[in-house]
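All chains are identified by letter, namely A, B, C and D, in their written order; residue positions are counted from 1 within each chain.
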Amino acid sequence: MIDVLYFAWVRERIGLPREKVETNAETVVDLVEELKAREERYAAAFADISALRVAVDQELTDFSAPLKGAREIAFFPPMTGG
Amino acid sequence: MAVRIQEQSFDLGAEIEKFAAGRRDAGAIVSFTGVVRDDADGQLDRMEIEHYPGMTERAIAAIEAEAVSRWNLTEALVIHRYGVLRPGERIMMVATASRHRMDAFAAAEFLMDYLKSRAPFWKKEFTKDGAEWVAAKEEDEAALSRW
Amino acid sequence: MAVRIQEQSFDLGAEIEKFAAGRRDAGAIVSFTGVVRDDADGQLDRMEIEHYPGMTERAIAAIEAEAVSRWNLTEALVIHRYGVLRPGERIMMVATASRHRMDAFAAAEFLMDYLKSRAPFWKKEFTKDGAEWVAAKEEDEAALSRW
Amino acid sequence: MIDVLYFAWVRERIGLPREKVETNAETVVDLVEELKAREERYAAAFADISALRVAVDQELTDFSAPLKGAREIAFFPPMTGG
């Protein structure tokens, strides 16, 4: 089980801020494919992953990152802080 | 080095005064303050800032540590708000103290550039016509290549 | 745009708060504050700053006007003291307000670089061993070539 | 008659902050030569003009600047503001 978090419009499209996901995905992109296959709202949120960013255990990484040992994955659009 | 992520407003004058107080070792103090600008001709009702609790503090602490490793800083401070902000309200501030002005300026600009694009905050603007997530600017991403 | 040359101290927090107050048009406010640094291991008793009344105001107003012509500024402020200053006291401050952070930072750095080398102030440091005029630094003159 | 002002160590070497000078010098450097010829303290202050700056009527200029019409000349070391 892994915690999956969504922020900003990713959260809005998927319709929830976080959920627990049972997965054997080896990489972030594998997990994305599993989520997209679930329901249309996931497919909509992840339609263009080049518009998204991902953090594994609160560290920014890329979609090819391995998930082994990860506890928390977050998906969100590019940040707009400051 | 300090990081504060908070919903409530902060007292800009008091924060800078406190930051600068008794800094005999630093000749140069730079501050940056971000204000909610009323962009669309008075159209903006409010901004809502979402963040990623936990990661936000980690990311900013890492950016501060990087600044400290690159420049000769005696102190640095980042305050960043989340939640609902109205036009004219202060969103965030950065302050740096150094022996020399070049270091204080460079570190403050570096912190701002990284906060813009690498700290997990997202802004949504609400006008009477609706709400829209602020898009990241290419120029902000490009600014990182300076460092 | 404002320039204040004064002997008395100024209230840093209050000045920045006042400068920033109600700036709905400016998203970015940058300040620089110069502090008398106690350089020589607690040796510095005081600094005395001499200036050229009349020319000082003219020179700084010209530098501000140049900054306004180069960057998109909504406001700028320079306060500079003269007379006797003790370690830890604030010598001067610059503040800039702009729609965008790049302009506010660049204009503040520009103002500082020109104030260092083109505004008629001279610093003399007094330690228990005697008094010495502060020499202009080559790096400060060189910094002007950035602009 | 022209007002001549001295600041910082130039003032200290010459021993006064300002004086009125009767001169027909055409340029700043001509005035400097007249002053150096007066007394040792002037010669000491102006020994190396590359270490000095000059303002004519409160505008920075160089030592070759003409003095015609000028009311106020100031000599001083490189500035150390900020």
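We take it that a contact is a pair of C-beta atoms (placed from the backbone, for glycine too) under 8 Å apart; a residue touches a chain by one contact, two chains touch by 3 or more.
None of these values were measured; they are calculated from a predicted model.
Asks: Take the average of all CA coordinates in chain A, do the same for chain C, and state the distance between these two points in whole angstrom.
Replies: About 48 Å, centre to centre.
Asks: How many angstrom lie between the centres of chain A and chain B, each centre taken as the mean Cα position?
Replies: About 26 Å separates the centre of chain A from that of chain B.
Asks: Just curious, how far off is chain D from chain A if you go by their C-alpha centres, in Å?
Replies: Each chain's C-alpha centroid was found; their separation is 72 Å.
Asks: So what's the Cα centroid distance for chain B and chain C, whole Å?
Replies: 23
Asks: Which chain B residues reach two or more other chains?
Replies: Where chain B meets two or more other chains at a single residue, that happens at 34, 101, 112.
Asks: Could you list which residues of chain A touch at least two other chains?
Replies: 82
Asks: Does the chain-touch network form a line, ring, star, complete graph or other?
Replies: line
Asks: Run through the chains and report each pair that touches.
Replies: So, checking each combination of chains, I get A-B, B-C, C-D as the touching pairs.
Asks: Would you mind writing out the residues of chain C in touch with chain D in their complex?
Replies: Interface residues on chain C, with respect to chain D: 34, 50-52, 54-55, 58-59, 80, 91-92, 112, 115-124, 133-136, 141.
Asks: Name, in rising order, each residue of chain A that touches chain B in their complex.
Replies: Touch residues, chain A against chain B: 5, 7-9, 11, 55, 58-60, 74, 76-82.
Asks: Quick one: which bits of chain C touch chain B in the complex? Just the residue numbers, please.
Replies: 11-17, 20, 22-38, 87-88, 90, 99, 101-102, 104-105, 108-109, 112, 143
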